[in-house]
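In the two assemblies presented below, chain A is common to both, partnered first by chain B and then by chain C.
Showing the complex of A and B:
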């Protein structure tokens, strides 16, 4: 039992990283095909990460600057361990959904902490945008979590997954919450039109502006985890998790593929427009869904 | 398993480096207009693992696209010094080679190579996207053979470069 736990504690982050990385690879090719290009070789993200880790020089602006990516990565790995996948449940006790909501923030905060030390104005603008956007999508996110929790009478993520067995997905029972959940996960991923944080043309990749070399390598790895976290949580909450790894991957891929298509067609929001959007339609729909759950 | 020798480790590192080159294009002159077609669907340089980036810290290649004013030179040197090793410079068009049509201008420098180490030049006024992509391929071969060592030259001859820079910048 203990051996099992240790084994899966090691395997789970590796699995999450592999999934996130594979999505990054596929995204390059798919977006290239949509733009009628040939696109980079499929293992380009691996080359990028290895090249960044092999840089001969690394410039640091202080201890916290170097610790930022590490904190972000550590937060992401911790979050990954809390998300049940394919019937594997690590660290799941009652209330873990609430704990998860807090832990998920560590990644962004770690990055904000590190980027803040570089004292680059672009980084400061990027951080303020990241935190403002988080404020935007957290409101509908919390409301849909409340409606899901009220619907299943449990705050245990594993129990929520178990209750959706045999096709009783939350997607069918609470479709409005599922739609909002999709929008929120999409916003948290920071793809178009919500790529305000890293907008290269406005703030020169925002918080990452001073990061290069090994630090940036860590942030790219962190991005792979980030993709996994957002989509795995959506699959667990609304698509009923999965009983085996392959099926879980297929569900995640389906969600990510739809997100990729959205990413290709939209331009970029301004930060105030993005927050206004999140506090308007997703929040209204989430509230309606909450009322439906309460009345039922 | 045998430990990798330093030589082998370097070969592997170079092999990885040449497959992922991120470039910052400092659009100084007219030549920059040839880069959008090189980047986008028509010529699609991402096939070779090249990607445009926006900050010097993240980039590996500095593209100096055209004539360099004395005012611009100051910024180019700042950008170059902010980049992390290993870094490469490509001089784009005939202006960075010998001044091009600005050879007798009072405000344009003649040879970029005297101020920062240039690994590769692309001749032409202005070079076509095909020439640009050929240049990138050549740079990849040079990296593979360890010949693109401009950043080492800059460190070795720092006094020489700084002296030249002081002469024009004052």
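Showing the complex of A and C:
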């Protein structure tokens, strides 16, 4: 039993990374085809990460600058352990959904601190935008979290997944919340039109502007984790989790595929417009859904 | 420990007087006396851990007994007051050395200890007269502390004392009403009278008392004094005001709501919303509005201490919100957050005080890059902001989690949404604080800055350690809180050293697993990191600037107006200001004073002489016509 737990604790982050990486690979190919290009080889992201990690020349602006990517990765690994998948729940009993919301922040905090120490205004502006956007999508996010929790009368994520067994997905019972959940997860991933944080043409990739070499490699790895976390949480909350790993992967892929299609067609929001957008339609729809749950 | 409660109460007052007299001999004697007596007070409370003393009569006034009492909740607040005061005295020794007028310094230490003594008195009080007496001593002595901060602090202190006096009048009126009915102001007698009173009487009493408490606790809309007073006060006084003094309002509210009346009684007097008595529900809304609006205002600030002051309004909102829920979990969360806020806000104000001590400014856009010069202060500030933002594994997270869960249990969704948004908004302003002070480019003028002296670092580190200890082992605090709440008739909640089992709230929490998991994940990530080629350190001028060369004289930093785009979003909200409403009344009073009162008080001796003659003539005429003056 203990051996099992240790085994899965080691294997889960690797699985999460693999899933995130595979999505990054597929995305390159799909977006190339939409743009009528041939696109790079499918394992290009692996080449990228290896190239970055093995660079002999790395620069650092200080201790926190170096620790930033490390804390970000540590936070992501910890978060992954709290998200149940395919019947495996490792740390889920130690912290419920409310705790998870704040555990997810640890990684971003490390990232923000590291970017801050790079002493570059582009990085600072990037973090300022990231936090502002976060406050934007957090409002609809907490409303749907509350709706789901009140609907199932528990904040334990594993129980929420269990209650959706046999096809009783939250997607069917609370469709409005699910739609908002999708928009929020999409915004949190920072895809178009919400790629305000990195916006290469405006702030030179924002927080990452001074990062290179292994630091940047760590941030790319972290991005793979980030994709996994946002989508796995959506699948657990609204698509009923899954009983086996393959099915879980299929569900996650379906969500990611739809996101990719959106990503290809949108331009970029202005930051205040993004916040206004999140505070308007997603919030209104989420509130309607919440009131439906309350009245029921 | 056999020390009586009177001794505990007297210690800081005696210490304050001795420090003032000692200052006449030598400044080190004064400093030593202040340290010894504040430490002695903190040491004496150890004997009262988990002790309940029902009441010691220490005097009699207007036929009502003056009573001192203690129970575990009292102990919690005694702990906050005495330990914070001790640490602040330690911090003051070096920080206040820049004050050249020794007489002012003597008075400063005296008032510091008096404020501590007054707060001990408030907490120990077993009747409203004792409570009110020490409440007033606290207001006045803290006023004298605030105006130590220089010219601009005079106006801030004036605003503070005016609002405090208004709050005190409201409380006094409530006390008079109660006295007329009960002929005694001992808590138990008052509770008895309230039990058999009409609903209108009870509600008026609570409202009037609550006005007094809300002014001190800076709950919106009675908060306007706080940002000025807390930012203009001297550096060591700000943590005392923000960390401890505003908690007295929360303590008073707790005593009134659960000591004098009870949720059950309140529920029988008025309609309930979401199974909360209406009055409590209104208090919750005021607290929730404080949380959100003060958070938005904190995001806009350009001054480090003002930012923290607005953050205090928002955090005290969580305390009041928790206390007003009326459920065991929510009240425990509110009380725990009072303790946590005292710790992390004290820590943050002290670190900002340390930065001001070295750089002489608290203007965020003038600072930057100090991490290389003051690394210890940076780590301490980092712990403080993580705790404030409510991110695990530090203490602020646990108490906020309890408040969220309590609101979830009661299905008070709109309040919960506001509490969540306030917490996310806190990420914005705490990052602004750490970024603008410690990250970014280091201005050339701070090249020779270094960490503060050891005597100033000790208090910072004690508080930093507490954020970690209480974050991993919340059971230590719950031990006191749950026992104390049983004293006020609350059902005990299940807890253990490392969190809460399933059943207490809607989910479980085990803090040790979160922190241990984070530590292991960090070590793994770090080992992976050092496996790859080493990095070379570069200077801050070796930086990407689209081809431009960054030099010392080029200000290459993003600090002013950090959240400009966000301020555009909330502009419609910022237009509203309760302060403008108050200022309107102040102006009206001024006009009244200028145009009408000036006609009577002309400042002309002849006019006054004429008044005397007129009065005497009228009196004489009155007597001559057969009237009787006495």
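Following the convention adopted for this analysis, the second predicted complex is superposed on the first by the 294 of 296 C-alpha atoms of A that agree within 3 Å, B and C clash if a C-alpha of one lies under 4 Å from a C-alpha of the other, contacts with A are read in each partner's own complex, and residues count from 1 in each chain.
The working rule: contacts are C-beta pairs under 8 Å (C-beta built on N, C-alpha and C of every residue); 3 or more make two chains touch, one makes a residue touch a chain.
Note that the structure is a prediction, hence the values are computed from the model and not measured.
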Problem - Comparison of chain B and chain C by chain A residues contacted - result: C
Practice task
Based on the superposed arrangement, let me know which partner A:177 touches: chain B (first), chain C (second), both, or neither?
Solution key: neither
Practice task
Once the structures are superposed on A, label A:289 by its partner contacts, choosing first (chain B), second (chain C), both or neither.
Solution key: neither
Problem - First (chain B), second (chain C), both or neither touched by A:91 - result: second
Problem - Which superposed partner A:54 touches (first chain B, second chain C, both, neither) - result: both
Practice task
Could you look at A:22 and tell me whether it touches chain B, chain C, both or neither (first, second, both, neither)?
Solution key: neither
Practice task
Please work out whether A:37 is in contact with chain B alone, chain C alone, both, or neither, and reply first, second, both or neither.
Solution key: first
Problem - Which superposed partner A:211 touches (first chain B, second chain C, both, neither) - result: first
Exercise for the section: Answer with first, second, both or neither: which of chain B and chain C does A:12 touch in the superposed model? Expected result: neither
Problem - Overlap of the chain B and chain C footprints on chain A, listed as residue numbers - result: 54-59, 204, 209-210, 213
Problem - Interfacial residue positions of chain B with respect to chain A in the complex - result: 13, 16-17, 19-20, 40-41, 44, 46-49, 51, 53-55, 57-58, 60, 83-86
Problem - Touching residues (chain side chain A, partner chain C) in the complex - result: 53-62, 64, 66, 69-71, 73-75, 77-78, 81, 91, 93-99, 102-103, 105-106, 109, 112-113, 116-122, 124-125, 127-129, 131-132, 134-135, 138-139, 142-143, 146, 149-150, 153-156, 204, 209-210, 213-215, 217-218, 270-272, 275-276, 279, 290, 294
Exercise for the section: Provide the residue numbers of chain C that touch chain A in the complex, in ascending order. Expected result: 369, 371-372, 378, 382, 386, 389-392, 397, 401, 404-405, 408, 411, 413, 416-417, 420-421, 423-425, 427-428, 431, 434-435, 439-442, 499, 502, 505-510, 513-514, 517-518, 521-522, 524-526, 528-529, 532-538, 540, 542-546, 556-559, 562-563, 565-566, 568-569
Practice task
Flag every residue of chain A that touches chain B in the complex, lowest number first.
Solution key: 32, 35-41, 44, 47-48, 50-51, 54-59, 200-201, 204-205, 208-213, 216
